[in-house]
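Note that chain A is present in both complexes that follow, paired respectively with chain B and with chain C.
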Partner chain A sequence: MARKLPRKDVAIVGFGWTGSILAHELTDAGLDVVAIERGPWRDTASDLSITYAQDEWRYRLQHELFLRPAQTTVTFRNNASQTALPVRNFGAFMLGNGVGGGGLHWNAETFRFLPSDFVVRSHLTERYGADFLPADMTIQDWGVTYDDLEPHYDQFEYLCGTSGTAGNIKGVVHDGGNPFEGPRSRPYPTPAQKQGYGHTLFADAAKQLGYKPFPQPSGNLSQAYANPLGVKLGQCTFCGFCEWFGCANYSKASPQTTVLPVLTRKSNFEVRTESEVTRINVDRSGKRATGLTYVDSSGTEWEQPADLVLVCAFQLFNVQLLLLSGIGTPYDPQTGQGQIGRNFTHQTMSTATGFFDKNKYNFNPFIASGSIGMMIDEFNGDNFDHSKLGFVGGGYIGQVRTNGRPLESMAVPPGTPAWGAKWKAALRDNYLSSIICGGACHASFYSYRDVYLDLDPVYKDRFGRPLMRMTIDLHDNEIKMSAFLTDKYAEILQQMGASQVVKQPRRGPYDVTDYQTSHLCGGAIMGEKPDSSAVNRYLQSWDVPNLFVIGASAFPQNAGYNPTGTVGALAFWAAKAIRTQYIKNPGPLVHA
Partner chain B sequence: MYRLTRRELLRSSALALCLISPAARAAIVKGALPWRPGANDAPQVVTPGGWHFFTPQEAASVEAFVDRLIPPDPDTPGGKDCGCAVFIDRQLAGPYGRNEAYYMLGPFQDGTKQQGSQSPLTTAQRYRKALAALEAACREKFAGKTFADLSDAQKDEVIGGLEAGSFKLEGVDGIDFFTQILTDTRNGFLSDPIYGGNKDLAAWKMIGFPGTHYDYRDWIDRHNERVTLPVVGISDHPNWAQ
Partner chain C sequence: MPSARPALAAASVWLLMSAASALADNIDKQEFEQIQHGRYLTIVGDCAACHTLPGSGHNFAGGRAIETPFGQILAPNITPDSETGIGAWTDDEFVNALTKGTGRDGKRLYPAMPYTYYTKLTHDDALAIRAYLNTVAAVRHPVNPNQLPFPFNIRASLIGWDTLFFTPGAFKPDPNKSAEWNRGAYLAEGLAHCNACHTPKNFLGGDKTSESLRGYALQGWFAPDITNNSPRGLGGWSADEIAAYLKTGHNSSSAATGLMAEAVERSTSQMTDADLKAIAAYLKDTPTQNENAGAAKPDQATMKLGAAIYADECSGCHTANGQGASGLFPSLKGSPVVQQTDPTSLLHVVLRGARSAATDGAPTGAAMPQFAWILNDAQVAAVLTYIRNAWGNNAPAVGAGEAGAARHALVERND
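Here is the complex of A and B:
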């Protein structure tokens, strides 16, 4: 029997980027807020040491800062005819755990989606005709536009201090930035980071081929910065241990380096760590959330009543919590009906490896930041004519290599034996003069009727709750797109002077052991209508109006960029709706 | 564990509160950013000498094996002298060997390659089984000799056979074992020396990785130059006190 705690105005599930932004905004509005976090407390001074942060075995290979499957996992199958089995060790994606969530150990690539990404179905239908899309593709418009979100992208970038070169300020295109981006109201808060040799060579080659390269927008800061909350960040030192690691140097934007120093001082806020929310409680009508039930690390169960519940966990766990709490209608892939679990997507990643003459090229790959790099956007979204290509979608292409960490940098030319003297010599001869870059082609993953999430019928977590079941595979559209983008990237590597280029386009079947970013999206998507979305344009549950579900779980499909910029913008967008509309008049913000 | 009464008590306090116990238990953070420099655990450093997981017989096989996967050459020692077997031994004796991070609840059943390993055995248990099977197979094929007793050419024949699936082990998937020990050997060779491999930073010196420098701002603009900084590991850091 749960012990009942005193009521709060707001209870938040999960304390990463979205939880900390919402907590900050709503405590500013005077509300009493508690956040419940599954993992441990973490802050820079206590947990991240310059002395031993650069430990690839511990943090990259053993995933020390991440959720481990022993705590909870998911099950996976490629299609409904297979039996889903548990992911016993994470591989294809890595999930955050603890204060800061993935924001503590991300690479900090901080993008905006294209204006057309938010209206993708209408846009593609208008340009190519209604029959152009595959019949089983379930892409939808978001219910929110780029113009709606622009002020909130700006808020997130200025919170983080994002370093970049603007390509479009109020409709005026600027050289050196991304000419395809939506108009931004002002420049990036800090100038773009400096670039290494390989990144610069990529930009030169891309220009020679007629493209317009630009620096990757980076949450590893090019210079010291004080954000609007008064929190200060330092200059990135290009240590090359960014994603998978925490930054001990206060130079990577994270909840820890941008929000928490201010938020944790507020008297109307607290976070409870090592406490896992097991259920969203609803009243008998099923239309009102009454609070949360959680279990702390001693096994004690607590009930936290609250007037407003915000679900801010990682995408998979947002969806799982809705399903376990009986909120909304589970998606049924047979009928296409139901909302919770539909439009589950990931990211379509591919690359090519370039081997260069070691006597002429020394890339010093270890001199890098998490979001260093030069890229092109000519083949992202619908920036190019798809009418004769046989696919829709696209991605950025870039030399965005983030590190030369040895365990992740063992590329040897094809034909090299896997062991023995020849392998050893090839490793020695190619480490400094090869370009390996897992994220070189970072592309969209559109939604399909048969790619979805539901509760597993067999496997349970440590509380006996069903695990989330992923049913996911790559479709022809994404496979064709990946081959196209990989060819374009390979051409640029050739132009850079590579003596050998090995293409690695994404192919099916989807493999849960093969890392392809942690950008899982959808399952509790936002939209214009309650029959085809879980939350409205303000991320408010259609079924339970005092419940908001915030994060990449709201993406109806995934675009060709890293999602965190859009996740941050959506968090500020939802916060504004709660502050300016919901608090005054609690109830549905959109009437279906 | 902090119970409700303690929570209420603390809520009334005006002081900055930090309730993070060293054991990382459920805690409340309220009123200030807890600040405890260096509170996190430093990595466990491998001490040389003896074997923590392997029997002497197993250790001899693994040392012989890793020295063929990464053979010595005039410039750089091989897997054995770089400590790859020590790295594997210490890892198998710890959380890695026990699969502590893994989801290990049943039911266990084999799936597709894309679904990843579904073995109910831990990594340490699989090593123990595979090494016993390797010895048995070598004794049978090479007139009673152990793997470590074989000539280099014979060792390479066994390893190549495991890789190709043609050298069979009783009750053990030889390709899986080959993949596992190859991955572990490479990781030991190229990890920080605090874990027992990469002795004297030999592997990092070989490839040209300068190690755990925290600041390359002076080098970011120096394109296509060989970095001349000394090669360092975690224990070379001035703050390292172990």
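Here is the complex of A and C:
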């Protein structure tokens, strides 16, 4: 029997980027806010000390910052004919745990999606005709446009201090930036990071091939910065320990380095850590959330009543919590009906490894940051003509090598023995003169009728709740696209002077052990209509108007960029809707 | 239950009447401006720092241990509780305790209570503090302040101490100085009791008044020289930078940590800008010692080792040129704290780490992690010797023995 706590205005599930942004915005609006976080409190100097933060074994291989499968996991299968089994060691994606969430361990690539990404179905249909898309592709328009989100992209970038070169300011294209990007209202808050030799060489080669390379927008800051809240960040030192790690130098944008110092000073805010939300409570009508139930580390169950509930956990757990709480209609892949669990997507990742003459090239790959690098956007989204290519979608291509970490970042040419003296010699010969870049082709993953999330019928978590079941595979569209992008990247590596290029395009089946970014999206998608989306354009539940579900779970499909910039923009967008509309007049903000 | 209603109604009337009569009794003591002035003065004096047990939730109810060179004293309960607090005290008794160090029973207070500075208070300000303390929640909380070992637990000894080291008497303005200077002096020498930490003490704990504000080691830190000395004092800081430091805990080159971070967060950050400017003007005008500016001559091998450790462990934040990042990572170049003759605070920060003050004006509150487990005594000494003599800095070398002693002392500390 849960012990009932005093009511709060707002209860938030999860305390990462979206939870902390919403908490900040709504406490500013005068509301009394509590955030419930499954993992521990994490603080830069106490938990990410510079005296041990750069420990590849501890963080990269032992997963110190991540969710333990023993606490909860997911089950996986490629298609409905298979029996899903539990993931016992996370591989294809990593699930953050604790204060800061994924915002603590990310690489900090801070992109905006293309304007056409938000209206992708109508855009592609208009350009190529209604029959051009595969029949089982379920991509949708978002219900918001780039123009709606632009001020909120700007808010997120200025919160983070993002370092980059603008390509389009108010419709005027600027050299050195991404000429394909949507118009931005002002430049990035800080200039782009300096680039390493390998990154610069890529940009030179791309120019020679007629492309327009630009620096990756980075949340690892090029210079010290004070954000609009008065919180200060330092300058990135290019240590090359970003993704999988926390930044010990206050130079990677995270909730800890941008929001929490101000938020945690407020008397109308509270966070409860090591507390796992087990259920969103709804009243008998099913139309009103009454709060949350959670279990703390001592096993005590608490009920936290609240007038407004914000679900801000990782994508998988947002969807799971809705299903476990009986909110909305579970998606049925047979009929295509139902909203919760549909349009589950990931990211289509591929690369090629370039081996260069060790006597001519020394890339010093350890001089890096999580979002260093030069890239091109000629083959992203619908920036190029797909009419004769047999696929839709695309991605950025870049030399965005993030590290030279010794256990992870090693490559030897094909044919080298897998161990022994010859392997060691090949490793020594190639460490400084090869370009290994897992994220070189970072591409869209569109949605399909048979890729979805539902509750597993067999496997349960420690509370006896069904685990989330992923049913996911790669479709021909993404496989063709990946081969196309990988070829383009390989051409640039050749142009750079590589003596050998080994292509690694993404192929099916979807492999749950192979890391492909942690960009899981969809399952509680936003949209224009309640029959095909879980939340409206303000991320408000169609079914329970005092419930908002915020994060990449709202993406109807995934674009060819890292998602965090868009997640941050959606968080500010939802916060604005709550502050300016919902508080004054609680109820549905969109009438179906 | 209709029969219960008249009884309830009667009880309500009685409650209302008693509330009204209580108001009538106290109406003269509810002087809003005096109470609010008193509240501000308790912030300037940081009374809560000692008289509130952290985490207790009971403001001014006492019980916090005050560390002195002679042992511990527990701060008493100063809430209006009539038995365990000061509710039964007369105003004169209160003012005598505050400004003369005389307890209600006539016994001497231990000078852990900074009456030696509070004596500068005007009578009106002392009464305002009393007026405010009358309004805080009364908490029944008996505290036996005297935890000292023999012979210091004999209060009679304090009569002699006062004779030697205590000069009672309210602040006398200096007609040759500005009103701002005089306001700053009144606060700094009096209620804000800067001297309590920053003035060297003699063997009996009395201020060495001839060395006022030139720095003193206490509680594992060294409260630095805050005279207008350069480079060890505030000579390199403008009055505005001193005021910014007191207001936010940070200025363009430095950050408050340790005991000063606490003082900033609880006290100076809540003081008015005018009062902070006044204190800054006063500090910029304090007499200082003309030192022989002979250069320290650190051993070159030590400097080389220190430079290597600095590059590996420190330069990521404090930068290769020692200038750090304004408002985030303190500048070591030209830093008064780095160049104090006594390296206690540097040893503390390196061995144990430190968190900077977080205030509304500078909320970041960045912290430095501890290095005790990664650097041995010789390495700690070398890197400190290096930063004390790099980039134009000039301060005595730190020895491995000093680092070892500090390491041991910090392990023993329970704070």
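Methods note: the second predicted complex is superposed on the first by the 592 of 592 C-alpha atoms of A that agree within 3 Å, B and C clash if a C-alpha of one lies under 4 Å from a C-alpha of the other, contacts with A are read in each partner's own complex, and residues count from 1 in each chain.
The rule is simple: contacts are C-beta pairs under 8 Å (C-beta built on N, C-alpha and C of every residue); 3 or more make two chains touch, one makes a residue touch a chain.
Because the structure is a prediction, the values reported are computed rather than measured.
Of the two partner chains placed around the shared chain by superposition, chain C is the only one that A:A226 touches, whereas chain B remains out of contact.
Of the two partner chains, chain C is the only one touched by A:G234; chain B is not.
When the shared chain is aligned, chain B and chain C each come close enough to touch A:P261.
When both complexes are overlaid on chain A, the residue A:K460 reaches chain B alone and has no touch with chain C.
When both complexes are overlaid on chain A, the residue A:T51 reaches chain B and chain C alike. The larger set of touched chain A residues comes from B, when the choice is between chain B and chain C. By the touch criterion defined above, A:H174 lies against neither chain B nor chain C after alignment on the C-alpha atoms of chain A. With both structures placed on the common chain, the touch criterion links A:Y250 to chain C but leaves chain B unconnected. Judged by the document's definition of touching, chain A residues 43, 45-46, 49-51, 235, 237, 239, 248-249, 261, 265 lie at the interface with chain B and also at the interface with chain C. Every residue of chain A that touches chain B in the complex is listed here, in rising order: 3, 5, 40-41, 43, 45-58, 61-63, 68-70, 72-73, 76-78, 82-83, 85-89, 91, 99, 194-197, 200, 235, 237-240, 248-249, 260-261, 264-265, 267, 269-275, 296-298, 300, 361-364, 366-367, 404, 406-407, 410, 418-421, 423-425, 427-428, 431-432, 458-460, 509-513. The part of chain A that touches chain C in the complex is made up of residues 43-46, 49-51, 224, 226, 229-235, 237, 239, 248-250, 261-262, 265. Residues 1, 3-4, 7, 11, 20, 24-40, 42-43, 68-71, 73, 76, 95-96, 99-105, 107, 109, 111-118, 156, 159, 163, 182, 186-187, 190-192, 194-195, 203-204, 206-210, 212-217, 219-221, 223-227, 234, 237, 239-240 of chain B touch chain A in their complex. The residues of chain C lying in touch with chain A in their complex are 313, 316-317, 319, 325-329, 353, 355, 358, 360-371, 373-374.
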